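First comes the structure, then the notes that go with it.
Naming follows writing order (A, B, C and D), and every chain is counted from residue 1.
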Amino acid sequence: MGSTLIRGGTVVNADAAVRANVLLRDGVIAALGADTDDWSADHVVDAEGMLVMPGGIDAHTHLEYPVDGFTTRTADDFHSGTVAAAHGGTTTVLDFVKKEPERSLLDTYRSRRDVAAAKSVIDFGLHAIVPPREQQPDVLDDLRRLVGEGATSWKFFMAYPGTQMVDDGELLEGFELALEHGVLPMVHAENGHMIARETQRLLADGRAAEAFHATAHGHDAEAEAVHRAVVLAESVGAPLYVVHVSSAAAADEISRARAAGARVWGETCPQYLAVAYEDYADLGEKAASYLCSPPIRERGNQEGLWRSLVTGAMSTVATDHAGFCLHQPEDLPPQKLRSPGYFPKVPNGVPGIEDRLMVLWETGVASGRFDACRFVDLVSTRPAKLFGMFGRKGAVAVGADADLLVWDPAADHVISVASSHMRTDYNLYEGMRVTGRPVRVFSRGEQLVGPDGSFDAAAGRGHFLTRGKPQLH
Amino acid sequence: MGSTLIRGGTVVNADAAVRANVLLRDGVIAALGADTDDWSADHVVDAEGMLVMPGGIDAHTHLEYPVDGFTTRTADDFHSGTVAAAHGGTTTVLDFVKKEPERSLLDTYRSRRDVAAAKSVIDFGLHAIVPPREQQPDVLDDLRRLVGEGATSWKFFMAYPGTQMVDDGELLEGFELALEHGVLPMVHAENGHMIARETQRLLADGRAAEAFHATAHGHDAEAEAVHRAVVLAESVGAPLYVVHVSSAAAADEISRARAAGARVWGETCPQYLAVAYEDYADLGEKAASYLCSPPIRERGNQEGLWRSLVTGAMSTVATDHAGFCLHQPEDLPPQKLRSPGYFPKVPNGVPGIEDRLMVLWETGVASGRFDACRFVDLVSTRPAKLFGMFGRKGAVAVGADADLLVWDPAADHVISVASSHMRTDYNLYEGMRVTGRPVRVFSRGEQLVGPDGSFDAAAGRGHFLTRGKPQLH
Amino acid sequence: MGSTLIRGGTVVNADAAVRANVLLRDGVIAALGADTDDWSADHVVDAEGMLVMPGGIDAHTHLEYPVDGFTTRTADDFHSGTVAAAHGGTTTVLDFVKKEPERSLLDTYRSRRDVAAAKSVIDFGLHAIVPPREQQPDVLDDLRRLVGEGATSWKFFMAYPGTQMVDDGELLEGFELALEHGVLPMVHAENGHMIARETQRLLADGRAAEAFHATAHGHDAEAEAVHRAVVLAESVGAPLYVVHVSSAAAADEISRARAAGARVWGETCPQYLAVAYEDYADLGEKAASYLCSPPIRERGNQEGLWRSLVTGAMSTVATDHAGFCLHQPEDLPPQKLRSPGYFPKVPNGVPGIEDRLMVLWETGVASGRFDACRFVDLVSTRPAKLFGMFGRKGAVAVGADADLLVWDPAADHVISVASSHMRTDYNLYEGMRVTGRPVRVFSRGEQLVGPDGSFDAAAGRGHFLTRGKPQLH
Amino acid sequence: MGSTLIRGGTVVNADAAVRANVLLRDGVIAALGADTDDWSADHVVDAEGMLVMPGGIDAHTHLEYPVDGFTTRTADDFHSGTVAAAHGGTTTVLDFVKKEPERSLLDTYRSRRDVAAAKSVIDFGLHAIVPPREQQPDVLDDLRRLVGEGATSWKFFMAYPGTQMVDDGELLEGFELALEHGVLPMVHAENGHMIARETQRLLADGRAAEAFHATAHGHDAEAEAVHRAVVLAESVGAPLYVVHVSSAAAADEISRARAAGARVWGETCPQYLAVAYEDYADLGEKAASYLCSPPIRERGNQEGLWRSLVTGAMSTVATDHAGFCLHQPEDLPPQKLRSPGYFPKVPNGVPGIEDRLMVLWETGVASGRFDACRFVDLVSTRPAKLFGMFGRKGAVAVGADADLLVWDPAADHVISVASSHMRTDYNLYEGMRVTGRPVRVFSRGEQLVGPDGSFDAAAGRGHFLTRGKPQLH
């Protein structure tokens, strides 16, 4: 594969930004140096004025993902999704495995891993979703085996009673098992009963239109679930990762718990930071394109969520990428408008796998809320640590995989569905002008994206990541 | 000065620990690399099994420091103090300038800087202490000038009414000026009136023995002052650094403020973490050797303080090194036992400049409370950032000063006054067995301390640091 | 029935204590006056030096109450229990109705009401316990009907999965219905899953001895349930009453919620205030006599609970009287020692219906924690308001039922099983010396207990109380 | 004086409202009774449909009160002020004594007491204001003597540096002395330095217009002072009363402190509950008529303050009545418009002594926020207890002074300067329609105000109240 010397840039890691040249060799970072005139390489990249950052890690994606009782699936598959990710500067994704009805969790995991490996252009890993016990009585045995196969993170649902929701007893049992095996438990934290009750009341009142989805999913339902998950995890001594925190009240629960010494980490998503309920409240059926769970909340909620990123109450920013098309394509099962005017049937999820870094840079760094080091921490270093990949991923460091970005902090770009690579036919951030984007993207030393927009990566070049134990500090 | 290659070690920075060889050249870190067989250097150091960390930065010392109305001074001067520091792995100290009665603050600063420069064996900087206005009506002018001379941190006293205490009006004015000039304000946070009142009551009750010093300095007096300082700083938009936090209640105030988004950082000291009131309560006059302000608190207080280090409520660990001898030497002004049995006259302060890293490693890292990265952050990286030295100090990074330690995490050492280099005739940690210590100490590429205990550094080789603006993230 | 004039005492109500003579006529309080020489009455009672207080209301008792799947029952029936209550100064009890397996909730309620009415010597009411829906699908219909029959308070269990525990969906539905009908929902707040999990772990570790019951019921399980119950109640706008709060951490949850404006009230019990885990931890099988749920907690927990009474976080003190004999009597089903050495099978509950006022007076008022007005509020006024009886019960006020006590605050009495009237063969407070006890007890103008210990009340004289809506302020 | 029987009303006390007839004899309440056909009296008042409540106690007034360095004074004297109070249903006022420049505090107190006694138509008491020590070095001796003369409450200023502000040392000394003598310390809680700094900045920016007064007095300055006062009081074990709490953030400090067990009580005023910054922000010079300290705050602040009344964080509602005319009358020293356009010179204070009960009833009770019992507690019972008058004042109870109101809860009245009796030429609540007002006002058994608006009370009939120790529960 040869070697590449990236010269003249500022290397940005989570704790420091320093001027240094970076030598890539055999897919890894071989050396960093100040005065490197005596170094030679097959390729030399001029990064003067640029930042050199570790590639983005999106710890929460749903590619070709079955939803609504396996009646439909998300629009991007592992090829289109990872191509889009790479264009946006993300070089690793972590997706989920949901047990299929006729398969064990372990079998579903292996099958999905092979499907993804054949299509993916960047490295990827898989979280296991723990189903309610009644769906697979021996699932704990599968979970134990999955640790050795790289699934060192398990997700539990506190919402969706009757399908994916597990009760507090199952959470406790799962958390204990995770603790025993060095696994990081993750929770979708919304109180499913509260949502069900509120949904029922809304429907009884004839409030079924798309935007009422947000009403059904209250801030209190999210905050309560976070509080309870923390208590349960602490009671057995397990760490905890809360996915897609949307409500500032829920973020506050994490903040309080961390201040009291709890080992809990929060993830939020660009859609909760840069989009608001007010943006879709009056769109009628088209509001479907904004529906996800937890919902995109009121504008007044954003400031608290931003503060949680600044104070450290939130630790990562992922996408929860789960795109559905607004207009039904012929080759896909039912998408956003499968049942207009009836929010309970709208497939949940929004796209964003390609936009994450640009949106967060613009609204977080360019706007002065935090610096480039914190940015790198949120989108790459921390997810690498929490999900057992640090050392290989998450830092521009000697010995690490040469997954890195040459980032132009002065680029001028307008986000648009027209220029993006995701399968969905709309973009949540349509028209957002951003200053800062990746001009080169390297994965294991190979340049996937070039400054002229060139893209060079074969389907299947991505490696499945057998992840190790989380690094919880 | 030549070049040195440190080979085979694990480089520990605040965010990551990676296997890498480190090349020092011309006093700075020239390169880091994995496979460096083609690199040559004048000296090669084998660091197999060792950690390579940035040199310690002690942001709070009092060398040859006048106290009690300039009637006496601390035992170590800038030579003995920095020699001891270097032996303990600290390669930078930040000391204080207290305006002398017959000199302006600016003149005192310059004079003290020159004195220190002639004696110091490691690099050093100076914080300016802001006196009550009545002691120098035009002190704000001096403060403005001091920024250009490298004093980008100013300390204010909320204790010691009548001598150093400033009122809330002076704090506000000082904080505003600091904000305007990119200076980090520091506070000694204890409510001086509360302490004076309690002292008066104790003396009236005949409770003048040494250990009552701790009773006079209540947790509430410290917590109140922290709360107030934060409110005042926030009201003018200034950042704030709280020195020597000793009470878990005070740490909680910082924790709450940070969670709410305040820009406040806390410093604690090894004596508050590893020593307790119970250790000296019954020592009679000898309790004088433990007296400092705020006081060393009850054992039950330690856990909360440890938690604050783990959660991030505390950001740095410094020593507040202000040693006085227990037995009066002939060549020093009155030391600890100047007025036995009467706590208000005991010179305040304890030694520790040499012990800091070993004690914190043992009680923090070896005991499993946090990892080596967090250790580096607390003792080096964060102080470098907060006090305007990052880039040069605080990281093993390309381009930075080659101030670094080869740290043996498996060393076996017993702390003792007999083997230490501080001027004081006792050691707070006497007999503590530690596993982990620096075996080589480099300052700007020069090896000061070698594995055989050799020491090679001329008085005056230390440079005065003209510090820049704090880096507050 | 004639009239009685109680002369010379100090009338104590929740807000004030004033010197006044009290005229009882036709079972109610006819007048209060200062100088009443012109008033005449059939009987005159000299209360000089005495307090005249409203009769105690015990809002939480379990008389002849079926437990453990209807396999056994508590020792006192409605006769012995109410006789004991009266001797202790309690003139009203509120007991519970648990749906019987073969009967609807409504039928059980009516049947139990009739049984109690035939035996009770004081007035009484009944709370309805809401069973899991699966035990009676149409239970909501019964609940609606019960309002008209005086059951304006419904209890829900968050513990005991598989028997009485309802899930969050059932809580929400029940709270809504309660709100609609002006009913006060009550919760037994412990997270049943957490207790089950911990119990399982203890048993797996061979820790089945009686005292491990307290380990199985963690503070966190109680505090979590309180937090969740408050969130659920607030989400539908319903008020909430938390029975038998035992953990200071749980009390803190109520304190926080109330400070934020939540309409939530807490009840605690004498056994949590005046007895501690340390009292039974080493008693072996006899620890069974202390077992109740939530458990009697560590001594260190008491101070926080007392503070909650003083600050108002707790609103009432009831007994949760559910006595079982330690030595098996022939005429009762299995009591405390049914399965020695195996805590999960020990019938839960402790006696106290007779001791409540004396114990709380001694430890609360005589010890200086609060005054007699607060005492009256906790044991009589507040329960009368919350459970829809104020106006008739809970105050020495013109027009109210003449349920009142002549209380001697200087009495000297030692609590003992020998001199008490409860069926149980031990007393939790055995040997406690108290200064303060009722010397006369009136119920609707009739003197039940006289100063010489005389007792005069026929079984069945007690009236069933068809309670009205709660008065929530 | 004869006797009066008030028949058919509902007697409202802090804990209960009951139907009862009330017999007044010799200036006190002689009896309460249900069926009182056999009672006779000189006068019989029909109160059918009416409430009978204890007379209002306004614990915070400033009548003929010197301000701004004794350069001017408030508009109402003790005659006009108490006449207005009586019309509004207030039968007791507590005013303040500020040491005059040429007189000791004790002499000023006696002089002011005599002046007031000659003019007042209702009973009154006086709080002593503790001046900075430098104004009277032996003031502690005066304070001790004042206890015996009925000044069992002392006020300290944390604002107004240079005139009334005392430092933390003086607060501590004063609180200790208060504790020793059973006196309740009161604080005006605003950080004077913060206000001075902000004022200076505003003036430097040319922001001197009236409404900037509110900007100068930040929420943080008030909350900080409350927090500090609580810490100081707790450190010496003293209770604390915080006058005129205006900021919800300050109320929250009290709420937290009380929940933690602190003995602190808060007072707020109708102007903070029912008027808002938005009401005067754009009035130009006329905004002067709204200026008081702390300032009337933003509308968004009101809800938190209301909540503090409902939750009990606030304990009393007083007026801080300190009226100044908007148009300068000839017979008064300079009033509101003494220096138009320059907020620092506007005399601080607003009128309200006559409006308090009607405004609080309308916005608190009629609007459904709390009930009549809580109303009585806030405006009468609690101030009576806290300021050592309970037993005589604050309840409709046998033996108490017959200060009471016949209150028509269905009255229809519009508040207006035209129909009010205060000296000021504007009314803060102009045009507010209220349902509820006193139709008869009795003071020690004498009817001062009759249903036809008649008023009968001679100047000087009011008694000076030698108050006893506060009743703190």
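Simple rule for what comes next: a residue touches a chain if its C-beta (ideal position, glycine included) is under 8 Å from a C-beta of that chain, and two chains touch if they have at least 3 such contacts.
Listed by chain with UniProt protein names: A, B, C, D = Dihydropyrimidinase.
Computed from a predicted structure; not experimentally measured.
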Most widely separated chain from subunit D (Dihydropyrimidinase), with each centre as the mean of CA atoms: A
CA centroid of subunit B (Dihydropyrimidinase) to CA centroid of subunit D (Dihydropyrimidinase), Å: 52
Approximate Å spacing (C-alpha centroids) for the pair subunit A (Dihydropyrimidinase), subunit D (Dihydropyrimidinase): 58
Touching two or more other chains - residue numbers and ranges from subunit C (Dihydropyrimidinase): none
Any two chains that touch count here, so list every such pair. A-B, A-C, B-D, C-D
Subunit D (Dihydropyrimidinase) partner, complex, touching residues on subunit B (Dihydropyrimidinase) are 161, 167-169, 171-173, 176, 191, 193-194, 196-198, 218, 220-221, 223-224, 227-228, 231-232, 234-236
Subunit B (Dihydropyrimidinase)-touching residues of subunit A (Dihydropyrimidinase), taken from the complex the two chains share: 11, 13-16, 18-20, 23, 28-36, 255-256, 258-261, 307, 310-313, 370-371, 373-374, 377, 381, 390-391, 395, 397-400, 473
